[in-house]
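In the two assemblies presented below, chain A is common to both, partnered first by chain B and then by chain C.
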Partner chain A sequence: MKEKILQIFKDANGDFVSGESLSKALNCSRTAIWKHIEELREEGYTFEAVRRSGYRLISSPDIPSQVEVQTGLQAKELGREIHYFGAIDSTQHKAHELAKGGAPHGTVIIADQQAGGKGRMGRPWHSPAGTGIWMSILLRPELPLYRCPQLTLLAAVAVVQAIRETTGVRAEIKWPNDILVEQKKLCGILTELNAETDQINYLIIGIGMNVNTEDFPSELRDIATSLRIQVGTPVKRIPLIQRILENLEKLYKLYIEYGFSPIKSLWEAHANTIGKRVVLRQLHGSLEGLAIGINEEGTLLVRKDNGEIEKVYSADIENASSPST
Partner chain B sequence: MLKIHELREIIRLIDQSSIQEFELENEGSKVTIRKPGHSTVQVVEQPASVQVVQTAPAAPITEQPVVQEKKEEVAPQPVVTAQVQAQEEEQLHKIVSPMVGTFYSKPEPGAPTYVQPGDKINANTIVCIVEAMKLFNEIEAEVSGEIVKVLVQDGQLVEYGQPLFLVKP
Partner chain C sequence: MKEKILQIFKDANGDFVSGESLSKALNCSRTAIWKHIEELREEGYTFEAVRRSGYRLISSPDIPSQVEVQTGLQAKELGREIHYFGAIDSTQHKAHELAKGGAPHGTVIIADQQAGGKGRMGRPWHSPAGTGIWMSILLRPELPLYRCPQLTLLAAVAVVQAIRETTGVRAEIKWPNDILVEQKKLCGILTELNAETDQINYLIIGIGMNVNTEDFPSELRDIATSLRIQVGTPVKRIPLIQRILENLEKLYKLYIEYGFSPIKSLWEAHANTIGKRVVLRQLHGSLEGLAIGINEEGTLLVRKDNGEIEKVYSADIENASSPST
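Showing the complex of A and B:
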């Protein structure tokens, strides 16, 4: 009901909406309408109320609800269905649940706060209320399974471009798809696939981005950053989410039509891993060498000191400390 | 039916991999790819077994003929057992990796493994994760039965089509 009222005000585009037309459109009493408007005010929306004219929406808070994200969104498929939650255990869990229930390609799950946000290897992801973008995007790609890992590099390009376009922050990609500023983590992307031998059921891209975090717990302070820390002022989440969805849709179409090559070039243009000495930490031990590039699969190529080239499919990567310092 | 580009892709991947033999059944059609090296391996095994048969009677050659006869009866047994074992292995279902990546036997370090030998599974049981480039693929058994053997180590790089588990259907 609240969403429907909000949608009517968004459609009115700043004009007055009478209480009578609201109650007619929604088939409820004017008292009920007034209660919902009071609730919206508590969430941070401001209305002007004028006798005989009705209400006019003056400003909206930066809450990435379904109505807010869909208003002005320039994407056809991604975000056509949005599920917003004030608080949730994990948008990723919810996305799996909705996917299994048949939610369509392009469904987006957004939360203001996550209690159980997760990163790689089940590591907890700090995701408090109002400060970040905690979002999962459901795709149903018609691709052979072995190509799906490339979508994680594609997602990183979509996000890093969106950050630059909306805030000017020059974020970089660490292979395969961590997004960093000045070597500190700004955004993590975790993708999960559900497939059978010959068919992909669905794929979920989970994005966790620190947007308005002013300070981090001490154990994260040296390794994490936020857009607010980088820019110095609060950053609006809604336009950033919209741009991520728009870029993702655009790049996905490009990828389906032309394959990985154009994505690879864009990825390389934003990458900070290539040409650096890196330490790769894997489940059993670690390996050091020079990251020389990615191949047509998206695999990282590392030249070891004995000259052998290792194809890396998964690892935690750190820049090796330079021997001269 | 497999599309021609899918078939071409399968052949390319098998060709590049260390896989010797590959079978795929899909909606009524069946594809079998066998590299020439595979049959050679089998041929090599057989003379090896024959040698065992021959050496057994060779040593007790001075003994009584009755014993020697017995030996000859006993000797072929390992060959039969080996064949039975091979047949049994062949009858076991193999869960294979659908992509190149890192094999994880558990959802996160410290957690219990998804499955272990002796576990009863059904088609939807998650048996492991294969990850590449931070894409996590939860592998479902797609067959029901009992896990007989885990063929790979936690954290190991696995190839496309590499067997990961043996399952007794």
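Showing the complex of A and C:
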């Protein structure tokens, strides 16, 4: 109900909406309408109320709810269905649940706070209230399995572009999909999938971005940053989310139509790993060498000191000469 | 409790076990023991009861329960944990559930009957009581995603070998993993996985084999067969299950140590697709050509009439000159 009222105000685009037309449209009493508007005020929305004219929405808080994100969103498929949660254990977990229930391609799950945010390889992800973008995007690509890593790289490009377009911050991608500013982590991307060996059932791209974090817990302070720390003022989450969805949709279409080549070029243009000496920590030991590029599959190529070229599918990367990021 | 009693009789290896030692070992009354033995008799177990000596297990029914499958099983990792169900919706479904709960590599789920057996691409799988092997095997390989299809091919080899070793029936593999006799389907293999783009969380190999089916529903009669139909007498499921697990463990070790090459040779030796003209039905249209082999990734290679070689990741295959199997 509250969402419906909000939608009507959004559709009115700053004009007055009478209490009578609201109660008619929603088939409830004017007292009920008034109660919901009071609730919206408590969430940070401001309204002007004028006798005989009704209510006018003056300003909205930076809460990435379904209505807020969909208002003005230019993407057609991504975000057509949005599930917003004030607090949740993990948007990835919820995305798996919805995917199994048949949620369509492009479904988006957003939370203001995660109690059990997930990073790569089951690691925890610090996701406090109101400060970040904690979002999962459900895709149903008709692609063979080996192409999945390419979609992770594609998502990283979409996010880096969105950051630059909305804040001017020039973030870089550390292979495969960490997003860094000044060697500190701003955003992580976790791609999970459920598949048969010859058919992807669904794929979930999880994005965790530190937006308005002013200070990090001591164990993260040296390795994490936020957009607010970078630009010095609060950054609005909603336009950033919209831009991510729009870019992701655009790049995904490009990818489906033309394959990985155009994405590869974009990824390389934003990557900070290529051309550097790196140390790769893998499940069974580590490896040092020169990161010379990615191949057409999206696999990292590293030239070892003996000249051999190693294909790297999974690793934690450090620059050989600098501390861990 | 019944399983524990059965285990004691299996361990006794045909010798007498006294009622007293049973009630001591299991810490319950001799009346309770007697009741459980009666239950086992109802399931098809036969016992000899001799005053003063106790009970002796004479014969066991062909029920692939945990105790039965583990007795004499030569595999070390596969089948160390077995979950048996008289009836279940789907062993694949249960396997996903157990995998998420942390079940170890090698966990096996077996059912006597499935109400909602699953085939490839969400298709149903006919799984009546007592007649087949409806089994799912949980693996936790540390491999990149692109290698998953190879594991499906590996499973097909393990199954074909087990069929030949226990019954003499020479079954063939239709790419990627249907097992046929005289162009009729004897067994299907469904591999599902849950992964991050750079790490497989778990993989489930589902095996559905028609063993003692005497007759099929009319819509399957022309395209399905069973081992019983092939050999003319009932076939025991338990030794067949054991052989599948043993072969799969052996081939998996070979694969982890030496890679896909030795598996590829074995698969090709059992395949009926290679060297034939095939029609491939895919999501978006179909393709005809000569199946010339599989490559080092396990992908099917088809030479089209214009000479181009197409890599095939997913399709339903028919021989160009014969009806669909």
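Annotations
One rule holds in what follows: the second predicted complex is superposed on the first by the 321 of 325 C-alpha atoms of A that agree within 3 Å, B and C clash if a C-alpha of one lies under 4 Å from a C-alpha of the other, contacts with A are read in each partner's own complex, and residues count from 1 in each chain.
The rule is simple: a contact is a pair of C-beta atoms (placed from the backbone, for glycine too) under 8 Å apart; a residue touches a chain by one contact, two chains touch by 3 or more.
Just so we're clear, the structure is a prediction, and the values are computed from it rather than from any experiment.
Overlaying the two complexes via chain A brings chain B and chain C into a clash. When the shared chain is aligned, no partner comes close enough to touch A:S60: not chain B, not chain C.
Contact with neither chain B nor chain C is seen for A:N272 once the two complexes are overlaid on the shared chain.
Look at A:L283: by the touch rule set out above, it reaches both chain B and chain C.
Within the superposed three-chain model, A:E142 lies in touch with chain C and out of touch with chain B [touch as defined at top].
In the superposed model, B is the one of chain B and chain C that contacts more residues of chain A.
By the touch criterion defined above, A:E196 reaches both chain B and chain C.
Touch criterion not met for A:Q92: it reaches neither chain B nor chain C.
Clashing C-alpha atoms with chain B appear in just one stretch of chain C from the list 63-71, 117-125, 225-233 or 261-269: 261-269. When the two complexes are superposed on chain A, the residues of chain A that touch both chain B and chain C are 120-121, 144-146, 148-149, 151-152, 176, 190-198, 283, 313-314. By the touch criterion stated above, chain B contacts chain A in their complex at residues 6, 9, 13, 24, 26, 98-102, 104, 107-109, 111, 131-138, 140, 142, 154-155, 157, 160. If you check the complex, the residues on chain A that touch chain B are 120-123, 144-146, 148-153, 176-177, 189-198, 203, 282-284, 298-299, 313-314. Within the complex formed with chain A, the chain C residues making contact are 120-121, 142, 144-146, 148-149, 151-152, 176, 190-199, 283, 297, 313-315.
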